[in-house]
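Both complexes shown next keep chain A, but they swap its partner, so chain B is in the first and chain C is in the second.
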Partner chain A sequence: MFLLRRLAGTAVVVALLSIGVFCLLYLAPGSVQQTLLGTRPATPETIAAIQARYHLNDPLPVQYLSWLGGVLRGDLGTSIRTGMPVADMLGQRLPLTLALTGYGTVLAVLVGIPLGVAGALRRGRAADRLVVTAGVVGLSAPPFAVGLLLLVVFAAGLGWFPVYGVGEGFADQVLHLTLPAVALAVGAVGMLVRFSRAALIRELDQDYVVFARARGLGAPAVLGYALRNSLVPILTAAGLIVTGMLAGTVLVEVTFALPGLGSLLVDSVTFKDVPVVQALALLLTLLIAAVNLLVDVGYSAADPRVRLGGRPS
Partner chain B sequence: MADLPDVALTRRSLLRSIAIVGGLAAVPALVTACGSDGPAATSGDAGGAAKSLDVLKVALPSSISSLDASKEAGIMNYVVALLCQEALVGVGQDGSLQPALAESWSRKDPKTYVYKIRSGVTFADGTPLTADDIVASLDLHAKKGSTSAFAYAYANVDKIEAGGPAEVTITLKQPDASFAWTPSPGTLLVTSRTFIEATGQDIGTPTGKILGTGPYRVTEFAPDSHVTLERNDAWWGGKAPYRQIRLDFIPEESTRLLAMRGGSVDVALNVPAEQIDQWKAVSGVELKTASDRSLVTLAFNTAKKPWDDIHVRRAVAHAVDRDGIVRSVLRGHGQVATTVTDPAQWGGVLGEAEVKSLYESIPQYGFDLAKARAELAQSSVPGGFSDVLTYPGSGPQLGRAALTLAQNLKTIGITLEVKEVPLEQWIAELGKHASGVYLGWYFATTGDPSEYIQQLLNGAFVGENGSNIAEYADDEVTGLLDQAKKGTDEAARGKLLGEALVKAAADVPYQPLWWGEAATAFGPGVGAADFGPYFFVGPWAAKLSTRS
Partner chain C sequence: MGIAVEGLTVRQPATGRTLLSGVTFEVAPGESVAIVGESGSGKSLTVRAMLGLLPRGLEAAGTVRIAGERVDDDPRARARQRGGVVSLLMQDPFTLLNPLRGVGRQIADGLPRGADAKAEVPRLLAEVGLPADVAGRYPFQLSGGMRQRVGLAAALAGGPSVLVADEPTTALDATTQREVLALVRRVQRERHMAFVLITHDLRLAFSTCDRVMVMYAGRLMEAGGAAAVRREQLHPYTRALLAAEPPADRRLAVIPAVAGSVPAHDAVADRCAFADRCALAVAECRDGVPELRAVRDEPGAPAGVPAVRDEPGAPADVSAVRGESSAPAVRDARLSACLRATELPAPPAPEPGVAPALPVTADPVLRVRDLRRTFAGARRPALDGVSLSVAPGEVVGVVGESGSGKTTLARCVAGLERPDAGTILLGGADCSDYGRMGRGAVRQARRTAQMIFQDPYSTLNPARTVGAALGEALWADGRPAAPDDVARLLESVGLGRDMAGMRPAGLSGGERQRVAIARAVAGEPRLLICDEPVSALDVSVQAQILGLLAELRERLSMAMLFITHDLAVVRQIADRIYVLESGRCVETGPAEQVLDAPTHPYTRALLASVPDGSSGWLA
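Moving on to the complex of A and B:
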């Protein structure tokens, strides 16, 4: 029931978004035939041939419906810019973006939450202030600049990592993706530190913690209770981080010369390559919907009071 | 009271988190150790001289969308395609036409060109080159309804016929002397008929790739990442020095510089002018600059108010400090353009002395704000006016030049708003001919002096989508240019073109700013002997050598 409702909601969002993106691209400056031909001279015949080939002169609703018809039949269309089937293009780039986002999220969680917990436990002391300051710095550092800094230090200076590219074979790919993932994770760490620290501090001030301590419960057990109760805000932050990283990949991919979805989106939008932009919008919406769904499922696992699709508790 | 357990907890959890962080940091180090003897050769560390002769690693500043230059005719598309594909005629280092796939050619009469095809040439797939393949390659652009970006060059073609297995005859509708340049690499890349029929719409994509007769063939194409080329040992021109070429697309300038510093790149194209000193500082790196045959020019829309007033155009022309722009914006890596055509493009048409005297006779509007003010006072808008000038985001130097102009114009009462727009939008605006003033930025496709002159000044190209963005239609100039097209005598043609340039300059439809230069960085161990403006117009990697 819950899943069905969520799916219906997502479908409505996707449909509205596809119409919106379609119209915006139509209104955006530039024209496909001009971009294809560049600043060279063009004969009217060539322009007419290009317009006919890509149906550029059809009315907007007709263009949209013919695209929609293709998608409903499982055909995402062919890219105007590259001449490749859109599904193939996305298929080639999706794994990299997913790997980068996943790697970045894992790094952010592994670093951010322990630091946040440490800050909460040593509230007000030097260690805490250090953690909070580091969090603010991380949060406000643009991933693009962090990427360059990492390149200068770890790739050019120390020579530990390659400067750019994807690499071949699993180990080499992990190595190539480490610096980009760190660049993405830095901002996320800052956010996680703030959320987990704030959530844990609130829990540690609760009566049940004082009571548990008074009963002589061991410190790890007390922390366990407090942590579990602060999981809901942390999960929320994690969800935001994953979706934020999907957007952040655009700049990081450019810095590290990685062929992911971000660079594809930028190229396709400026080119007005409608089939690719539409498919990307669709894909990203679905990814974000999936992440949000996972977070919601996580809520109910972390806190039994939260029921999926049930009455307000 | 609760302090003590807290401290213990903190310390333990802190230690735990430190252990996690430490563990993470250690993982990549381990991976490095494992990976170094693995498949690192393609993307790895600074190789020795012996290793780098095996694989040449080239960094390109932007990705290409298609390997087929007739689908996307950007500079980088040619850099890749010309390693694999050739044309009927090539371009020599002096800018003259040279035999390539055509052993020889002749202009039988003003409308007929006959090409004799070189024998013993094979495509990279082993099949022999025939006249029929040439006809099929030409037809890609010349046939009716072609969507090729080269189609404009073939608009005047009447018939293309194979006269036997080794001869191709091209007949034009109207005589055109500059057609000799059409079957050069700028607007023709030869492939085989079988390949065209088998690959169809997939030509240029990662699955279809391209096929040619050049020194290399494409083995892998990953847009936004890289292209890998393998040597074609059967190339008729000999054996190219590198077994494999890997061209990586690295859009971020600083990343490219770091890659060269780290030794993971051997050659880097289009090094930005403001970074040249940093590149020079990398040990063993040799930086070579040459004209890139590009032109940046202000274009005034002579069909739009107030730019239809010659005094306004003269006033703005006088307000441009071209020497200052070349000195400060381009840091000297460019040349002040005194007209649209670079003096180096007249090879084979006019002699050096004639070019010199021609250029001295072209009227100039030098930087002089007093004159600018005086011209504006005589114009239809003596109190000044305001307009917008856009430039493409991929050309920040154009923007900086435009800003210095806007600054100068402000002092004489003209407000020029300088706006950056995406490349695609800028191209579309150039095509519309709706603005009053433009920044034109062109790269020559041929080495023919008439290319820019015809496209920018011939009255036949005014109107939407025309290349004459100044809407300049002077009967006398157009007459001279049409006559130049018909001529068969090169010297007479050069004279007509020169007359047109002088005549048009007096009307100031354009104020040319500079002829561009491109810098290429060659890493340790790579040498390029005869580097010049035409270095990349041809199988360039075959001309590289080792450098100690």
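Moving on to the complex of A and C:
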């Protein structure tokens, strides 16, 4: 029931955003024909072809619906820059960006949450202060600057990691993606540390934790109680982190010369390749909506009150 | 065996403050002892220190023996004892269970290693009077009373021989409170546990426990058998505390309230803690801390320990964790920390009751007709056709348990909640829907009726000074707020003029509630809506606030709509009473008629659940 409602909500959001994405075409400077023609010569034949291809003589809602119909069939148009179908270009680039985001998220979670937990358990002591300081530093470091620093130190200086490229084979690819993923993860670690530490500290002060200790539950069981209850704010932070990373890939992919969606976006924007920009915007919208939906699924798995319609107290 | 605490002291090293000191007591197996005191008395800290569960930043000293083992200097012994030897039941059933874990699994978490959860969890649930299928539910699916029963089952899972209960029923309705206390007592007798009950309610302590200890400002003031202390109190503080609890069976002209509030332990480190508020104090009372000493033995005092120790039907694993079944010695000695304990005047005879004011026949200031309100998603309406009227200068009590709709009624009248149907007439003007009224009409309605709320800690804006809050109230009434007006307003509620510059954080609960009252009466409203105005306060503060409300009513000839769950409180202040149950009014009439000769079974059940101090109350 809860999930159905969330699913419907997500569908509405995606539909509304698709209208916005469609309108990108009209927001671009110059006439629509010019935009779509790009650098091709504007002969009457080419203009007629463009008008027929994009139904430019139809009223706007009809144009939108035919565009949407194409999108749903997998037809995202043709790139002005390369002349290739946009869907193929995205298909080539998507796996790298997904791998990079996934790798960065895993790193952030594996480092950020344990650090936050350690800080909460040693609240006020030296270890805690170190964790909090590290979190603030991570949060305030922009990914591309961290990327440059990592490149200079670990790739150019120490030579432990490759400077650019994606590599061949699984191990080599992981090696190539490590520095970009770390660059993405640094800020996320800072955020996760703060969220998980604050959430756990709040839960450790709750009555049910004192009660659990008082009736003789062991320390791991008590920590389990508190961690489970901290999960909802941590999930919220994780959702924000993944969406933030998707946006962060733009800069990091350029810094590390990786052929992902981010670098495609930069190239396409520079070239005014509107169909590609449209498709990328739509894809990012879908990815972010999917992440938020996953977070909602996570809430209902973590908290029976969400699932069973109780009032969270 | 049982508990032996000697010279317990709790300090806060960061500030150098001492919060309680010199607390010494014993509890034998099978014996029940109540620790009674107001907030700030140190009763909760005492048991937290005893159990090694002090909040961060506090340190305890002194010796604690639990089940014969010295534990105060041995964290590992404490960890070993928790659950299996000593267990704690906490105050608030709504927060003591993990909200995300099924009830059965939470109980199973506390079982001793190797126990069979499939057999033990249903057995524990049955012991606390719950069906086995509760195990599959989550805490949020249970009522407060059921949650507290689950809490008891979880506390018992390890088979403890010592059970400590910290105000286990304060958050529950009166009728539920009696059921839960009766259950705790029954289980304690059956399992022959040493039992410590923390409570602020002296009558409840008399009814529930064999012995009673009274604490004040971090020290023990008096101890003795429950029946003996109930008969005669050997410390003036105990007398004051008992006198401040309003009786449910008659209306007093004035509830005897001691002025002032509980001092900090350190502020009275060199004298009797109560001396500054005590009418009987002499010079020696301020010359040093009086020791708690035996005043007299009362060999005739009834032993409160039942003879169920070796009941054959007791479960096997319970008898295994019991201590030796030596006969518990109920210490009959009466202990008092009052220097003049032996020369205290005889306690005054109970004050006779007085009759409430005669009914007024003038046009009502408030008339509510057939009020209905259903909240979205609720199974039944919060208000299901309630009608009532309040005459000018009349105090009308609305009583009922949580969920009866009494607070919704108050909020509708104050315009904080919009009724679905029905009419509200305030001073003759239709105020059924504040949203549709013009600005002037709302202003007039607010000048006619003002409201005070239950929680003194959230009723004031923490960022504004007391003077600013009151000045705003005067300004809202259309009066320029001269500093003198604020000062006069403060004095009218018994506060000093210098309090105007303070912020709420620096005030006690009672002082905050006085400020809230001053804010409400700034415009001299014709009707004051009071939503449980004293239920979050200590009894002595409650007596002060009730006295203040009675005085303001006289002076301003103000009517009151007084919402409460406490029949003893409503007896003291109300002229007429409406009894609400599940959004309907089941009984109404003059106060003494409803309380002395109730006709509806619900009213009778409410009356029976008021603790009377007798040992038969829980039966």
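Convention: the second predicted complex is superposed on the first by the 234 of 313 C-alpha atoms of A that agree within 3 Å, B and C clash if a C-alpha of one lies under 4 Å from a C-alpha of the other, contacts with A are read in each partner's own complex, and residues count from 1 in each chain.
To be clear about the criterion, a residue touches a chain if its C-beta (ideal position, glycine included) is under 8 Å from a C-beta of that chain, and two chains touch if they have at least 3 such contacts.
Computed from a prediction, not measured in an experiment: that's the story for all the values here.
Of the two partner chains placed by superposition, only chain C is touched by A:Arg228; chain B is not. When the two structures are aligned on the shared chain, A:Pro304 is found in touch with chain C, with no touch to chain B.
Looking at the superposed arrangement, the partner reaching more residues of chain A, out of chain B and chain C, is B. Contact with chain B, but none with chain C, is seen for A:Ala49 once the two complexes are overlaid on the shared chain.
Residue contacts after overlaying the shared chain place A:Ala171 against chain B, while chain C stays out of touching range. Using the contact criterion defined above for the overlaid structures, shared-chain residue A:Val210 touches chain B and also reaches chain C.
Touch criterion not met for A:Gly102: it reaches neither chain B nor chain C. 210, 213 are the residues of chain A that lie in the contact sets of both chain B and chain C, per the superposition on chain A. Remark: chain A residues 206-208, 210-217, 221, 225, 228-229, 302-305, 308, 310-313 touch chain C in the complex. If you check the complex, the residues on chain A that touch chain B are 29-31, 34-47, 49-50, 53, 78, 81-84, 88-89, 92-93, 107, 110-111, 114-115, 117-118, 121-122, 127, 148, 151-152, 155-156, 159-169, 171-172, 174-176, 178, 210, 213, 218-220, 222-223, 253-260, 263-264, 267, 270-272. Within the complex formed with chain A, the residues of chain C that make contact are 51, 53, 79, 81-84, 87-88, 90-92, 94-101, 109-110, 138, 140-141, 151, 154-155, 157-158. Taken together, the chain B residues at the contact with chain A in this complex read 2, 5-6, 8-10, 12-14, 16-17, 20-21, 24, 28-29, 31-32, 34-35, 38-40, 42-45, 63, 65-66, 71-74, 144-149, 151-152, 155, 201-207, 222-226, 248-252, 254-255, 258-259, 261-262, 264, 421-425, 427-431, 440-442, 445, 455, 461, 465-467.
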